[in-house]
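The same subunit A turns up in both complexes below, where it pairs with subunit B and then with subunit C.
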Partner chain A sequence: MTPAPDTQSLITFNSVSRFYGEVLGVNRVSLSIPPGITSLVGPNGAGKTTLMNLMTGLIRPTQGEMSVLGVPPDHPERLCRLVGYCAQFDAFPKGLTGFQFIYSYLLLHGLGDAECRQRTLAALEKLNMTEAANRPVGAYSKGMRQRIKLAQAIAHDPQVLVLDEPLNGLDPMARAETIALFREWGAAGRHVIVSSHILHEVDRISDQVILLSHGYVVAEGQIQGVRSEVKEQPMQILVRCDKPSDLAARLFQQNHVVEAKIQGDGRNLLLRTADADAFYLLLNRVILETGLDVESVAPADDDVNSVYQYLIGYEGGSV
Partner chain B sequence: MAVYKKTYRPYTGEMTASWSRLFVIPRYAFEDLHRSRFLTVFFLASFIYPLVCAIIIYVQHNVSALNLINAQGAQRLISINVTFFMTLLGWQSMMGLFMASFIGPGQISPDLSNNALSLYLSRPFSRLEYVLGKMTVLVILLSLMTWVPGLLLFGLESYLEGWSWATSHARIAAGLFFGGWVWIILLSLLALALSAWVKWKPAAGALMFGVFFVAAAFGAVINGVQRTHWGHLFNISYLVGSVWVWLFEGNNATTNGAVFFRAPQGEEIPLWCSWGGLIGLGLICSYMLARKIRGMEVVR
Partner chain C sequence: MNALWMRQIGAVLRLEWKKTFFNKRAWWIYMLAAGPVSITLIHWLFELNRPVSMARHSLGDDSVGYAAMFQFFYLRGAIFFGCVGIFANLFRAEMLEKTLHYYYLTPLRRELLVAGKYLAGLVTSVVLFAGSAALSFLLIGRHFGPAYNDYLMHGPGLSQLGWYTLTAALACAGYGAVFLMCGLIFRNPMIPAAVVYVWENLNPFLPALAKKISVIFYLRNLCPVEVPLPPPLNIVVVDTDPTPVWIAIPGLLAVTALLLMYTAHTARQGEISYGE
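Take a look at the complex of A and B:
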């Protein structure tokens, strides 16, 4: 039996609400976020940035309780040491070079001069920014700014990384490198909280997702688990076999099969079923009875994009 | 669910004192100011008057120098007294107003327009520390322009006149120090508050003067229309002047304030009202800062 995770290793929200006057930020959010890469997904105004600001201690909950690795937000000194934050917007004090930018914020953490210099150089190197270190941040390209923001977020070696739209503006190469870094940080036992509009990349990198809409958590967990909970939407399964039409004929006799389409080169059968378990049992039976030659069977809609469309759709605006 | 092994080690070394982190903010601000030739020249020019005062004090105590310039009676013309030092503070404070209106607007507004506040405040660095850090830039510059030269000149006079003069005129030193600080705190709070609310720097700089001169004109109109003296409550230089008079001379005032900071005789309002007016202005500025200095700007 797996022991229950203690709050010292979790980011927890217990019925947390945050209002800006009469405007809702998030409402009655209850979450336990374990180490690894967690993606926040939702349309604009869903509450992703509010949730991130709560984790970084920039704002406090209006109601409810929360803690980051056991540290509540009323201990900002301890909380801020645990968290590294990469804001969504370009956030640079005027006139600083890349080195000064990271170095000065490390000083705010209370590290000594030599330690700050060493960590600044290490962070710059990690994000391949060493060569541009002495140029003013204002002269950086969009991608370089994004990387220098990430560098300042990791420079003090935080246990929790909160990264608001960190892949925005990065070219494909830089994006791949950055995703590799997220994986590395996640694998080291850090909490990497990422919000992103790029759903297929969220799919690739996330250990779990949190779907938000209108300030509420719509779903959370591993995406396959979330998809299986969305029972009102029939599951899409793609079967590649030698006799898809025979299989389709057998499937149409079942009540749970909503739709079956033969696609592509005539060997692909895309079906929609309200009961995936019953389908898999039936498929086994068909194989045994008819000798159907099956190349592959794979769910076709257990990705973030599909789950997003099912749960949030277009009502929440664009992602 | 993936199983992760915790392999990193957070920093466990020694930390710097939290008060010292305030100075991270002025660290690069002075570099930035130094790059402006105009500000550098203006800052240096602000020492001309204290230099002239130093020469006057020196010449006053040097008979041979007086003989050299054929001005043996000059000692009687210029007295090194409370008026001398209050005038120095008045001049320097007016220079400070110009300096604050040049550099004050650039303190907070760039951080707000660049959304940089979240960077500061997601560190172990509070809103108060942020404001104090920003104030430090102004406080250091304005101190160098006001009470620091004032006390140096007081020291020079004490040295040349004898330490008994220093002890008998200790109130002047206290007036220079505390009077300077009253002005510096007020000016810094006002400059930062305007910087936080007015993003366009020239407008924020102009508003600095506006607050002083327009409010004074408004106060004069009230005085004229209502036939009262309470309009002086809107006149910041009057309020500062009357507080200075008390700081320099106590309850036995022989002057009515410094140049630019006069409280006209016969038009006095109670001293506690002057203090109250200044404290009220400080509180308004603090409230304006508290509304704007937040980790994230709330857009309604």
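Take a look at the complex of A and C:
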């Protein structure tokens, strides 16, 4: 039995609500976020940024309690040593170069000049911004501004990195490099909390997802686990085999199979079943009885995009 | 105060100077400080080249003239508006530009942020306005040559220079604390600034008790030379006993400290929303 992780390694929300006057930000959110990459997914106004602002202490809960690695948000002196936040705002203090921007805020951590310089250079190098370091941030392109924000967020080596739409404005190369950086951080046992509207990228990088809608947490956990919990939506499974029509004929005799259609080059069978376990048992039987040559069997809708559509759908607007 | 706090306040000072005060948008504040220096410089050059046949004014006239300039231009104009421009923007401009969160995401006590920003504004405003007041004072009687040197070194000049410089510095401290608070609390600090401005300028005409609830009342009492008001203003002015220096200075500093404590408390409770 795996021991439960202690709160010192978790970001915890205990029935947290946040209202802006009469407007709901998030309501009764209870979460325990373990280390690794966690994606926040939801339409505009779902509460993603509110949740991130709560984690970083920029706002406080109206009700409920929360802590980040055991530190409550009303202790910014302790919290901000643990947390780095790349916020959504594309705004920078005027008149500073990229180097000055990172270095000046690092000094506020109370570090010495030499250490601040060394950490600033390391952060700039990590985000490939060394060459542009001495240019004013105001003269940067959108992608460079995004990267300098990321560099600033990681410069003090935080345990928790919170990133609001971090891939916005990045070209494909920078995107790939940034995702690799997130993976490196997640693999090192740190928390990387990402909100992104690019669902296929969320799918690629996340260890777990939190789906939000209208201020409520709709689902959380590993995406396959979340998908299997969505019982009302039949599971889609793609089978690639030599005789898909024979398999389809057998499947239609089953009550749990809702739909089966042959796709692509005629060797793909996409089916929808209300009972995946029953389907896999049946498939084993068919293989044994008919000698069906199965090339691959894979779930076709246990990705973030599908789960998002099932749980939130178009009702929530754009992601 | 421990070493970490000192380093953090130092870092806020450096950052504020770098991003705010060497800023092109602050040109009008530099003009406010440079204006009287330019006028007294022109006055000196004009008096030096004045034909002997033309009547010359006395050192006493220049002393009163400077006192009037100090009370009406510096205290009620340049320092007041300069402090609005410097201090009200320390928080408000960052909220409008959506950059305050960078500060709030550092492990810096919010009280230290307020202290650092206030000190940055105070040093700047004192250098600009107390420096300008002192320089103007040194220039206004320069055309009297050795007589003015004598007035400064052996007469009341040096003491007057000290009081004007101290009063200017106290004005920066008092108005600075008022406008730093306004910048943090009010979405548009210009409205409270206008209210304070009207109140401060009505001061001579207010009843004795109401007079004392202002910054200008204490500052005026610190000015070494009285400015006679011309008629009919001298009739409507309400005379009150001047506040002794030993009350005026600590009183002003105590009010400043209270305002800063309230600002620090507000910053501590503050959140980043940028009005969205």
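Heads up, the rule we're going with is that the second predicted complex is superposed on the first by the 319 of 319 C-alpha atoms of A that agree within 3 Å, B and C clash if a C-alpha of one lies under 4 Å from a C-alpha of the other, contacts with A are read in each partner's own complex, and residues count from 1 in each chain.
What we mean here is this: a residue touches a chain if its C-beta (ideal position, glycine included) is under 8 Å from a C-beta of that chain, and two chains touch if they have at least 3 such contacts.
Given the structure is predicted, the values throughout are model-derived calculations rather than measurements.
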Check subunit A with both subunit B and subunit C modelled on it and let me know: fit or clash.
clash
Once the shared chain is lined up, is A:Ala139 touching subunit B (first), subunit C (second), both, or neither of them?
neither
Touched partner set for A:Val23, first subunit B, second subunit C, both or neither:
first
Once the structures are superposed on A, label A:Gln159 by its partner contacts, choosing first (subunit B), second (subunit C), both or neither.
first
With both complexes overlaid on chain A, does A:Ala180 touch subunit B (first), subunit C (second), both or neither?
neither
Is A:Ala298 in contact with subunit B, with subunit C, with both, or with neither (first, second, both, neither)?
neither
Partner chain(s) touched by A:Ala87 [first = subunit B, second = subunit C, both, neither]:
both
Between subunit B and subunit C, pick out the one touching the greater number of residues of subunit A.
B
Between subunit B and subunit C, whom does A:Pro34 touch in the aligned arrangement: first, second, both, or neither?
first
Identify the partner contact of A:Leu281: answer first if only subunit B is touched, second if only subunit C is, both if each is, neither if none is.
neither
Would you please give the residues of subunit A that touch subunit B in one complex and also touch subunit C in the other complex?
20, 53, 56-59, 76-77, 80-81, 83, 85, 87, 89, 91-96, 100, 104-105, 107-110, 152
Which residues, counting only subunit C, touch subunit A once they are in their complex?
4, 7-8, 10-12, 14-15, 18-20, 22-23, 94, 97-99, 101-110, 271-274
Which stretch or stretches of subunit A touch subunit C in the complex?
20, 53, 56-60, 76-81, 83-85, 87, 89, 91-96, 100, 104-105, 107-110, 152
Flag every residue of subunit B that touches subunit A in the complex, lowest number first.
1-2, 4-11, 13-16, 18, 21, 24, 27-28, 31-32, 106, 110-111, 114-116, 118-126, 294-296, 298, 300
Within their complex, state which residues of subunit A touch subunit B.
20-21, 23, 34-36, 49, 53, 56-59, 76-77, 80-83, 85, 87, 89-96, 100, 104-105, 107-112, 115, 152, 156-159, 186-190, 207-208, 222
